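Just below sit the structures, each encoded as structure tokens.
Next come two complexes built around subunit A: one with subunit B, the other with subunit C.
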Partner chain A sequence: MDLTLDGICKSFGAVQALQPLHLSVPSGSLVGLLGPSGCGKTTTLRIIAGFEQADAGRVLVGGTDMSNLAPNRRRLGMVFQNYSLFPHMNVFDNVAFGLRRAGCNRAEVASRVAQALEMVRLSGFAERWPSQMSGGQQQRVALARSIVTRPAVLLLDEPLGALDKNLRESMQFELRQLQRLLVITTVLVTHDQEEALTMADQVAVMHDGRLLQLGAPDAVYNRPCSRFVAEFLGTSNIFRGAAVSASGGRVAVRLQGMDAVVHVAGDTAAQSAVEIAVRPERMVMRHPGTISGAPGENALSGEVTGLVFRGSYRAFQIRIESTGQIVFAYLAPQAREGFEPEMGQKVSLSFTPQDAVILGA
Partner chain B sequence: MRHGADRMVDAVSGAALLGFVVVFVVFLLAPILVVVAVAFSSLGYVAFPIPSLSLRWFVRVLTYEPFLDGLRVSAELAFASTALAALIGVPAALAIGRSSRPWAQGMAAFLLSPVSMPLIVLGYSLLFYLSVLGLGASFASLLIAHTVIGVPYLVRTVTGIYRSIPPDYEEASAILGAGRLASLFLVTLPLIRPGIFAGCLFAFLISFDNLPISYFFGSADASTLPVVMLSYMQSQFDPAIAAISTVQMVLAMIVLLVVERFYGLRRIGAPA
Partner chain C sequence: MPAGWTAPAGLFLLAFFLAPLARNAGVSIWPNGVAGGIDVQPYQRLFADPFYLGVLGQTLGLSFVAAAISALIGYPVAFFMVRKAGRFQALLTFLLIAPLLTSIIMRTYGWRVLMSRLGLVNALLRNLGIIDRPIDFLGGPWVAVAALVHVLVPFMVLSIAASLQGVDRRLEEASRLLGAGRVATFLRVTLPLTLDGVGTGFILVFMLANGSFVTLLLLGGGLQTLPLLIFQQFNTTRDFAFAGAMSNVLLVAAVLCLALQARLIRRRGVRA
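So, the complex of A and B:
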């Protein structure tokens, strides 16, 4: 069923934790609420769950207003950050909890619990106790417990936050597969950008109680609307400047403190102050002088002040000659084309107009 | 340097532990052992060491009506007041434990206040108060008074453990469709059980050997064992008092052992 948040807002005392938020999650899709702590994502989730009462606005599931229902009447599933498996119940009883509350008979409880445990690949663990299981296994039990009741909406509160990195990555795929298989409308809360980008159909970036940008992961990553989004989602090189002219879907921007005029895909009023963002992996790095500086070449010159091997790519830290600004370039071996500058070496940097984004104010 | 300091700390704490053990043995264990020994004395008066072993004072205790009545009253009282204190203390602790309201802290302090009040004062004022209410010296008064001193122990232990349990469990229970009452019985109470056990154990033992409160409410048909023992000692001083003390200790130890057997004392006080 689809989930709609219709202008929900919440303040705690004088703190406005959540500005009026409108969000629609289509049936069966997964939306990731992403943001730093205190951005309002957890408050949003708790309002959907019914643990917090919104000051105004409505929570609609399948068109039905849930705002005044107690949490136990909302037919939701939820996975908590620390799993919150009942420590005094074994795996079977944990998973069966919701079914028994719903009044299922013994046979149905037994078969649906078995089915759910099979889905999370924990068949044969029914008699185990939560304390005897690893974090990853507990996470699977928590997942089984939340989906076994076939909830209208599944809420995931930093579900993988307590797992180590490798496990987290494989669980991201597994969770996503299961969610697709069951076609279950899901809200994921996370502060981990990678998790949101990997798992979500739609990423909602939040900051200071506001929804800043909503869109498909690649759209939000490649076309961030604001400096905050550009910097929170991955790393961005931000340049300040002034738009000197705009035509044909291209804006010429004179960068602050530099002679360089760069061309950026987009549209903005000429003469306005702008910020542009370029991803480090979109940077091109060459021998100095080999980039002409012709219109559209967007050439900058600088000096390598740091370089780090990061496995699949090298991270270069480059100080721009004229302004001293530090710029990052992440370059995979094939992108370096045999050019391996060392510390202190002068280099030319460039980026295509399509790889730069004009940020909103 | 660091090593030397560490070794010194080890040495000092080792000496402190030894000192504690010595003091414990000399001033607590030894007198109790003497009492137990005297209970088996064949003499007609209290003297130590005892000349020969005899069970005559246990026979005397078991045939002396006031002791048996006192024991019965004490046991009934300890059970009943503990149950009442749990019925009052556990819900109060649950309300206080999760409340963010400013009065919750005040209420917690208020419910713990009987602990800081001298029991003599509490007994004295309760006697007046309950007499005005027409209860006077009776089992009902004893029950009320013992419940009053038992509640703080339950509130303290249950609040402590309840606060140590993240609210996630109850939220998980609610999301899974459990109403308030179902969550209480299926999730909250099982999780706080160690705290309830510990509180009940304290309340029971405190009630079982309470003298200063019971002293005010002793009546012909309802006097607790400690009160009976005190009045017995005031009139005669024979090994019967040692024998009944031994019986009382054994009963308290049985309670501890039963709790240990069914729950494990080590788990009490620490969340599961």
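So, the complex of A and C:
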């Protein structure tokens, strides 16, 4: 069932935790609420769950207003960051809890619990106690417990936050597969941008109680609408300047130290102050002598002030000669084409008009 | 910490705690002196004579009732303190402990003054026209139970509060989302997770009530309990062996309670 947040907002005392938020999650899709702590994502989740009452606005599931329903009447499933398994019950009783509250008979409880445990690959663990299980296993029990009741909406609150990195990665795929298999409308809250990008159909970036940008992961990553989004999702090189002219999707931008051309999707008027963002992995690095100075080449010259090996790529830190700005470039081996600059070496950096984004104010 | 540091405390306990206990145990099994040989007759009398068995039963029964009432009264108080009181929690704790700071004699006499034939409660009931002749509250054990609960309920509240404090609220939220209402969540999640606190408090109150003397002496309404009997054996009958045997039985009961309590606490450590 689809979930709609219709202008919900919330203040705690003088602090506006959530500005009026409109968000709709299509049936069966997964929306990731992403943002730093204090951005309002957890408040949003707690309002959906019914643990907090919104000051205004409605929470609709399948078109029905849930705002005044108690949490136990909302037909939701939730996975908490610390798993929140009942420590005084074994795995079977934990998973059966929701079914028993719904009045299922013994046979149905037994078969559905077995089915849910099989789905999370924990068959044979029914008699274990939560304290005897690893974090990853507890996480899967929590997941089984939340889906066994076939909830209308599944809420995931930093579900993988307590797991170590390798396990987290494999669980991301596993969770996503299960969510697709069950076609269950899901809201994922996370501060981990990689988790949101990996798992979500739509990413909603939040900051200071406001929804800044909503879109598919690659769209949000590649076309961030604001400096905050550009910097929160991965690393971005930000250049300031003025848009001097715009025509046919090409904007000429006068930056400090260079004239650049940037592609835009729609129309942009000339503005006195703009910021453009370029991802470090979109930067091209060459010998300094190779700059032609043609329009649209978007070249800068600088000096390597730091380089780090990061496995699949090399991260360069470069100081731009004309402005002193520090810029990052991540270059995979094939992108370096045999060019391996060392510390202190002069290089030229460039980016294509398509790889730069003009950020909104 | 060097073992030597415990010497002063160790010596003190040896002289004023272990030695008297040992002497007491000795008196109870060698009633006629060591030369007279071991005689378990005092214990036989205590466990065979229906009167003494009855006293033992009354003692344990009274303590059980006091502990049960304390649990029923104490749980809501503890719940309020932990969940609702907020910044008034410290004040509440102080108010709770305040009765312990007054002398037991004062407190007990206070109850007598309130509940006697010409006391405040009877006068009030009479003036309101609810009764026409005073009720003999002090003729039965209930004022003693009330006085015991009055002074022992803080132990119950504090031990329940401690375990309630340790309950992760998200477990209750998880339960709510899984379809359990407030009552079901309390009964199936909160209460089971705090049963160790209830158990600890129960044992504490039970133990303290078992040994209470002044309260029963002044408010017991003729109810016989072991501490009263021990007092009689010393002062009236001067049967030190029998008094010693009874106090040893009381001691064993207390040790059993402590062992049970330790088990409860250990289990909590494993589960949490």
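Here is the rule we use: the second predicted complex is superposed on the first by the 349 of 361 C-alpha atoms of A that agree within 3 Å, B and C clash if a C-alpha of one lies under 4 Å from a C-alpha of the other, contacts with A are read in each partner's own complex, and residues count from 1 in each chain.
Note that a residue touches a chain if its C-beta (ideal position, glycine included) is under 8 Å from a C-beta of that chain, and two chains touch if they have at least 3 such contacts.
All figures in this text were calculated on a predicted structure; none of them were measured in a lab.
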Look at where subunit B and subunit C land on subunit A after superposing the complexes, then choose clash or fit.
clash
Should A:H287 be classified as contacting the first partner (subunit B), the second (subunit C), both, or neither?
neither
Touching A:N82, do we find subunit B (first), subunit C (second), both, or neither?
both
Of the partners subunit B and subunit C, which touch A:R310 in the superposed model: first, second, both, neither?
neither
Have a look at where A:H22 lands relative to subunit B and subunit C in the superposition and call it first, second, both or neither.
neither
Which partner does A:F51 reach: the first (subunit B), the second (subunit C), both, or neither?
both
Of all the subunit A residues, which ones make contact with subunit B and with subunit C?
49-51, 70-78, 80, 82, 84, 86-88, 97-98, 101-102, 145-146, 149, 155
Subunit A partner contacts - residues on subunit C that touch it in the complex
168, 170-171, 173-181, 184-185, 188-189, 192-193, 270-272
The residues of subunit B that touch subunit A in their complex are 166, 168-169, 171-179, 182, 186-187, 190-191, 272
Interface residues, subunit A side, partner subunit B - complex
49-51, 70-78, 80, 82, 84, 86-88, 97-98, 101-102, 145-146, 149, 155
Hey, which residues of subunit A end up touching subunit C in the complex?
49-51, 70-78, 80, 82, 84, 86-88, 97-98, 101-102, 131, 145-146, 149, 155
